[in-house]
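Heads up, the next two complexes both have chain A, just with different partners, chain B and then chain C.
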Partner chain A sequence: MNINDKIRTFIESNLLAFDDDLTINDDDNIFESGFVDSSVAMQLVLFVEEEFSIHVTDEDLDLVNFSSINRIVRFIQQKEQQWNSSHEGR
Partner chain B sequence: MKEDDHQKMIVEEARIFAAEVVRPRAGDFDREEILPRDVIGEMAKRKFLLAGLPVPYGGLGLNPVYYGLFTEEIGKACCSTRGLITIQSSIVGQTLLRWGTEEQKNNWLPPISRGEVLGAFALTEPAVGSDAGGVQTHYRRDGRNFVLNGRKKWISFGEIAGFFIVIASCGSEITAFIVERNRPGVSTNPIKGLLANRAAHLAEIELKDVKIPEDNVVGKPGSGFTFIVATALDHGRYSIAWAGIAIAQEALDCMALYARKRQQFGRRIGEHQLIQRMICNAVTTTHAARALCIKAGEMRMRGNIHAIVETTVAKYFTSKIAMDITSDALQVHGGNGCSNSYPVERLFREAKVLEIIEGTSEIQQQIIAKYGLKAYGRIRKE
Partner chain C sequence: MTDQKEIKCVVWDLDNTLWDGVLIEGDDLRLKPGIIDVIKTLDQRGILHSIASKNDYGDAMQKLREFKVDNYFLYPEINWSAKSKSIATIRENLNIGMDTFMFIDDEPYERDEVRSEHPDVICMESSKYSELPSYPSLNPRFITKDSKKRRLMYLQDQERKRDETAFVGPRKEFLSSLHIHLTIREAVLEDLKRAEELTVRTNQLNATGKTYSYDELKMYMTSTGHRLMVCEMIDKYGSYGTIGLALVEILNDYYHINLLLMSCRVMSLGIGTILLTHIMREARKEGKKVRADFKHTGRNRTMYVTFKFANFREVMTGSKELIIFENNLDAIQKFPPYVNISIK
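After this line comes the complex of A and B, so read on.
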C-alpha cells in the first residue's frame, strides 16, 4: 500500500459521514469538507508518528499540515528529509 | 533492579504514603477546603507531582499503566490530593512535555516537581463549559506580545498556582498561553462551597490587559484547541478514569468492611442477599472498569492511535460505576452513610464530579457513539 492509500484508509476509518461510498480526493480539505471533525487531528498526529516513525513537534502544529491527503504526504516527506539531512555524515 | 520492579515499588510507596499521610487527614482537607502545604511538600519530596513524566524533567518516569495504578493509590485516599497529581502531571505536565518548547519545559517542569511552583489549566469560563471551542477570553497581538482579557472559572489549583496555561481566542483562532500569576492584570478569587473537590483550591481567574510575550505561546498560534486542549483533555481523561477506579474501589472496601461488621436482625448484614447483590455489582463493575483502564494504558504506552477513544470509554465507564458503587456503599451504611463520620458520604460526592470534569458523561457518550458509527458495521471496499 503506498503512502497516499495508507492515509486514505486511516481517514476513511474516521469519517463522520454516514455514506459508506464517499470518495475523498487527494486535495480535499478533510476538515472544511466535513469529512472529519477537529478531534481527529490528534489521532492523525499519533497515526503519522506510529505509521511513519516521525516525531511531530510544536513547530509542526499547523492544521494545514493535516488538512488533506496530499498535505499530509508532503508533511511526512518533509519530516523524513529533515531527519535524513540532520543524520547525514554521522 | 528491573524497570517493572522499580515502577511497582513506586506504586507501593504511593500506597504507603496514602495510608500514612493522606487518608487519616482526607476528611479534614474536605472540611477545611485546604490541601495543606506540608502534604504538597511531602509529595514533591517523593517526586509524586510529575509522576508520569520522564526523570530528566523531575518526573518518576512511570509508564501509563503504572501511572494509572499510582493514581488509584492516591485517589483512594483523597480525591483532591489525587487532583493535584492530575493537574500537575497529567494536564499541565504532559501538555508542556508534548508541545512546549525546550525552554518552557526546563523553566516550568523541574520547579513543579520540586513543589516550588504549581501550574493550572485555565480552559473553562463562566459561560463556557463543554463547548470548549467557544472560549470568550480573547487576545490581540501587540507587536511581539499578546494582550489577554477575560475570565476563567472552575480552575483547579487556580488559587495557589504560580502559572496558568490559558486558552484564549482571537476570532476563530484559539491559542494557549503560559500566564504567570505575577503578571500585572492577573487576579484570582477562590471558589468555596463546592459539592466535592473542596481541597483542590478552585478559583476564578480574571485577566485584564495582561501582556504576554510570544515566547509564552504553547505550540503555535491557532493550535490551542485542536492540539493543546485535545492533548490536555486526553491526559486528563486518562487520569480521571483511574480516579473513578480509586473511588469505586475505596467505596467497595468500605461497603464490604461495614457489611461484615454491622449486625441487624441478629445477623451480619453481609449475609442478606440484597446487600450481597450490591457487593456483587460493585466487585464485577470495578474489575471490568480496571480492565478497561489497563487496556487504555497499554494502548497509550504503545502510542496506539485508538488509545484516545479507549481512554474516553474508560473515563465514561469508571465515572459511571463510581457513582453507582458509592451510592450503594452509602445505602449499605444506612444512616451512618449520611454522616461525615464515615468516608462514604465524601466518596459519593466526589464520584458525582467525575461525571462532569474533563468532559461530561454526555460528551463522552457522543464521542463514543461517533466512534461506534465509524468503527463498526462498515462494508469493506475490495
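After this line comes the complex of A and C, so read on.
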C-alpha cells in the first residue's frame, strides 16, 4: 500500500463519521466536511507517528498538515525527506 | 494539592488476600474479616476496585458472585499472565494514571514483579488491609455526589465500550445511537466541590495542569471579570455527571481561557472542542477574540491537539513555559450533529 492508501484506509475504518455511500476525495477537508470529528484527531496524529515512524512536533500539529488526505501524505513525505537528508552520508 | 498523589484504584489479589485459602486447591474459602467493609468504605469515597489474580476466570467470578462482591470490581483481570500485565490492562481500560494505582497482594514476589515494571504503583502487603481507610492517599479531600457514583459510571462505560466494539456501521451512527445530551452552564456554588475534584483528578485533559482550590474557584465564580462554566453529560446508559470545566477571564479585547479541562471518561467524544466552540461563540457575540493558556505537562498532548485543530495558534510564550494560544474566530467549528446541546 502506498502512503495515500494507508491514510485513506485508516480514516475510512477508524475515523469515519459519515454515511457509507459518501466518498472522500483526496483534497476534501476531512475536518470541515465532517468526515473526521475532533474527538479522533489525536488518534490520527498517533497513527501517523506510529505507522510512518515520524515524530510530529508542536509546529507540525497544524490543520495545514492534517486537513486532507493529500496534505497528510505531503506532510509525511516532507518529514521523510528531512530525515533522509539529515542522515545522508552517515 | 498535597504531594501525596490520590489513589484512584485499588487492585486486589484474591487467594490469601481477599479471602483466606487458595481457590484452585479446593480450600474452604472465607473472605478476610471486615474486608468487605473496607472495600465498601473506599467505594463510597469514589475509589475504584479491580482484581489481578492468577486463577481461572470462571471459577473465581463464580466465587465472587457467591460472596456477593463481584459488582465492586471493574475490569477484573483473572488469568495466568504476569500481574504487571494485568495492571497495565486495567489501567488502559480505566484510562487513569499508573501513579494512581495501589496493588495489594500477600506474595512478596508478586509485589516485586509489579514494582519492577510499574515503579509508580504503590504496592501493599495484604495483611494491612484494615488500615487502608485511614491512609491519606485514600482520603480524597472532597467526596462529591459524582465520587459516590463513580463505580456505577464506570460500569456504564464498560457497557458502552462493549456495545461500541460490537457495533457495525459508521462511527457517527454509533455516536448518534448513544443519545448524548450535553448541558453547558455557568457554575453555581453546588458545583465547586466537584470542580475542584476535577482539577485534582484530571491530568490528560487539563490544558495547564494547574489545580484550583474550592476557595479560588468560588472567588472566580463570583468575580464579574470571570466566567466559570461547567458541562454535564447524559446518554442512554445514564449520567456521566459533571465532566468539563472552563474558567474564562473577560478582558477588553479577549475572552482569555485560564483553565480548560475534561474528564478522561469522555476523551473519545470531542467534548473539549464543543466547549471551545461555545466559548468562541460567546466571545464573538461581544466582539472579542479568544486567547487560552496552555502548558505542556507531558501528559496533556490531546489538549494541545484540541486547540491546534480548532484553529488556535501560538502567539507568545509567557513565563514558566506557558503558551498563549489565540483564535481570531475566522472559522468556528460547528457542534457535532450527534450531541444534543443545551446552553443555560
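The definition used in the following text is that the second predicted complex is superposed on the first by the 85 of 90 C-alpha atoms of A that agree within 3 Å, B and C clash if a C-alpha of one lies under 4 Å from a C-alpha of the other, contacts with A are read in each partner's own complex, and residues count from 1 in each chain.
The rule is short, and it goes like this: contacts are C-beta pairs under 8 Å (C-beta built on N, C-alpha and C of every residue); 3 or more make two chains touch, one makes a residue touch a chain.
Worth saying up front: this structure is predicted, and the values here are computed from it rather than measured.
A.B. asks: If we overlay the two complexes on their shared chain A, which of chain B and chain C does A:Asp5 touch? Say first, second, both or neither.
C.D. replies: A:Asp5 sits against neither chain B nor chain C.
A.B. asks: Mind working out whether A:Phe47 is in touch with chain B, chain C, both or neither, as first, second, both or neither?
C.D. replies: So A:Phe47 only meets chain B here.
A.B. asks: Determine, under the contact definition given at the top, whether A:Asp27 touches first (chain B), second (chain C), both, or neither.
C.D. replies: A:Asp27 sits against neither chain B nor chain C.
A.B. asks: First (chain B), second (chain C), both or neither: which does A:Glu80 touch?
C.D. replies: After superposing on A, A:Glu80 lies clear of both chain B and chain C.
A.B. asks: Across the two complexes, find the residues of chain A that touch chain B and also touch chain C.
C.D. replies: Residues common to the chain A contacts of chain C and of chain B are 14-16, 18, 20, 38-39, 41-42, 45, 58, 61-63, listed in rising order.
A.B. asks: Can you list the chain C residues touching chain A in their complex?
C.D. replies: 169-172, 175, 267-273, 301-302, 304-306, 308-311, 314, 333, 336-337
A.B. asks: Could you please specify the touching residues of chain A with respect to chain B in the complex?
C.D. replies: 10, 13-16, 18, 20, 38-39, 41-43, 45-47, 49-50, 58-59, 61-63
A.B. asks: Can you list the chain A residues touching chain C in their complex?
C.D. replies: Spelled out, the residues of chain A in touch with chain C are 14-20, 31, 34, 37-42, 45, 58, 61-63, 66.
A.B. asks: In their complex, what parts of chain B are in touch with chain A?
C.D. replies: Those in contact with chain A are residues 99-101, 133, 218-220, 222-223, 225-227, 230-231, 234, 303-305, 307-308, 367, 370, 373-375, 378-379.
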